[in-house]
Amino acid sequence: MAITIKFFASLREQVGKSEVQIELSDSLTVGEVWAQVCDNSPLPIHILMAVNKEYSKQDTRVQDGDEVAFFPPVTGG
Amino acid sequence: MAITIKFFASLREQVGKSEVQIELSDSLTVGEVWAQVCDNSPLPIHILMAVNKEYSKQDTRVQDGDEVAFFPPVTGG
Amino acid sequence: MKVEIISKIFNPWEELQAYEKTLIAQGKYGAVATFVGTMRDYNEGDIVQAMFLEHYPGMTEKYLQTLSETALQRWDILDTLIIHRIGEIKPGETIVLVAAWAGHRAPAFESCRFLIDELKSRAPFWKQETLSEGVRWLDQCH
Amino acid sequence: MKVEIISKIFNPWEELQAYEKTLIAQGKYGAVATFVGTMRDYNEGDIVQAMFLEHYPGMTEKYLQTLSETALQRWDILDTLIIHRIGEIKPGETIVLVAAWAGHRAPAFESCRFLIDELKSRAPFWKQETLSEGVRWLDQCH
């Protein structure tokens, strides 16, 4: 299964990439996707996560074709 | 001593006058001014009172030259 | 700080734009909360054709000035604006505009709400509505 | 109901005036509460020269749409408007405009406050400030 991973703002700069596509043989949780793409580094404390443009938890399970996003606390408005 | 009395809105229509000047020999309270000008009728329950364009109580004492006003609950905005 | 009683139709958004241009604090405020009250064509189940707004010349202005000064003392805000219509008003027309400029949103919102709440409960204005059956004052002394 | 993400400078008062003209409910609303967020030239003790606002295309719009629908369900309001700036922003320029139209002032104020509070705490936007010493993101994942 193929999923797309996006990073935004300061997190994008820390991770050093804005978008990654990966192929998985098993279904993973959002937290496991982070570990796989970020060399098993721990999930940052205040990180926010989304699956298909809706907020998710780190134990949300991703499906084939999903878009997973990681980003820092928001500061708009 | 001379004082001016004003009435506004529905109260002006009930009382039938918008402004009255009276001469007093004694200093009266606002409530006593009402009684004198309105034929000793009781002070309406929800009436508001002002002396010299500031809210007052019915026991506020009026001075020579004061402007006393009586009006209904406000409905602006 | 500005308080204005106006007897002709006014556009609240144009007034806000014009007033904001006079503020020397461009770049110093980060939040503006505003409230605009508009005449509805219905009230308490009746169709309202027009309205007449009476005020107490002198006392109304004094009350709104003091109210603005109170808001400026009580909250961390930079400026306030109040414009209130009097006289003959038609449905859809603006009755009142209140605005507060601040560094941050909480004092902007709170002071704006304070201004309109106090104005509505204490500023000497009285509305008389024109219905198809005649006129009625919105409040009376019982 | 309108949600717009805009990458060029906009005038909040002109947007309000233009949007209000499209409302079919003229005479049906009696209260409009608005909030305008503007870029300050200072923040946390530093002089800020400019700002870059990043968002998550698609998710931001979706979030603000859902937020507006929630407000329309939760309060007795007639319409809402949200416009948010992205990209390069200079001090004094408008960042965000939120407005709610209602019959009465309480739901107008409460829903307007709800919209801006939720937008600020949950909508995916991120600010990067340009100071004299360089740039800084306002929030980071620790």
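The letters A, B, C and D name the chains in turn, as written, and every chain counts its residues from 1.
Everything that follows uses one rule, which is that contacts are C-beta pairs under 8 Å (C-beta built on N, C-alpha and C of every residue); 3 or more make two chains touch, one makes a residue touch a chain.
Quantities reported herein were computed from a predicted structural model and do not represent experimental measurements.
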*asked:* Ignoring subunit C and leaving every other chain in place, which groups of chains are still linked through touching?
replied: A, D | B
*In whole angstrom, what separates the CA-based centres of subunit A and subunit B?*
72
*For subunit C and subunit D, what's the span in angstrom between their mean Cα positions?*
23
_Distance between the centres, which are taken as Cα means, of subunit C and subunit B, whole angstrom_ = 26
*asked:* Nearest whole angstrom, what separates the Cα centre of subunit B from the Cα centre of subunit D?
replied: 49
*Name the residues of subunit B that each touch 2 or more other chains.*
none
_Going by the contact rule already set, what residues in subunit C reach two or more other chains?_
37, 116, 120
*asked:* Output every touching chain pair, sorted by label.
replied: A-D, B-C, C-D
_If we count contacts the way the header does, which residues on subunit A are in touch with subunit D in the complex?_
6, 8-11, 13-14, 44-48, 50, 53-55, 69, 71-77
_Touching residues (chain side subunit D, partner subunit C) in the complex_ = 11, 13-14, 16-17, 20, 26-42, 91-92, 103, 105, 108-109, 112-113, 116, 120
_Residues of subunit D that touch subunit A when the two form their complex_ = 37, 53-56, 58-59, 62, 84, 95-96, 116, 119-128, 137-142
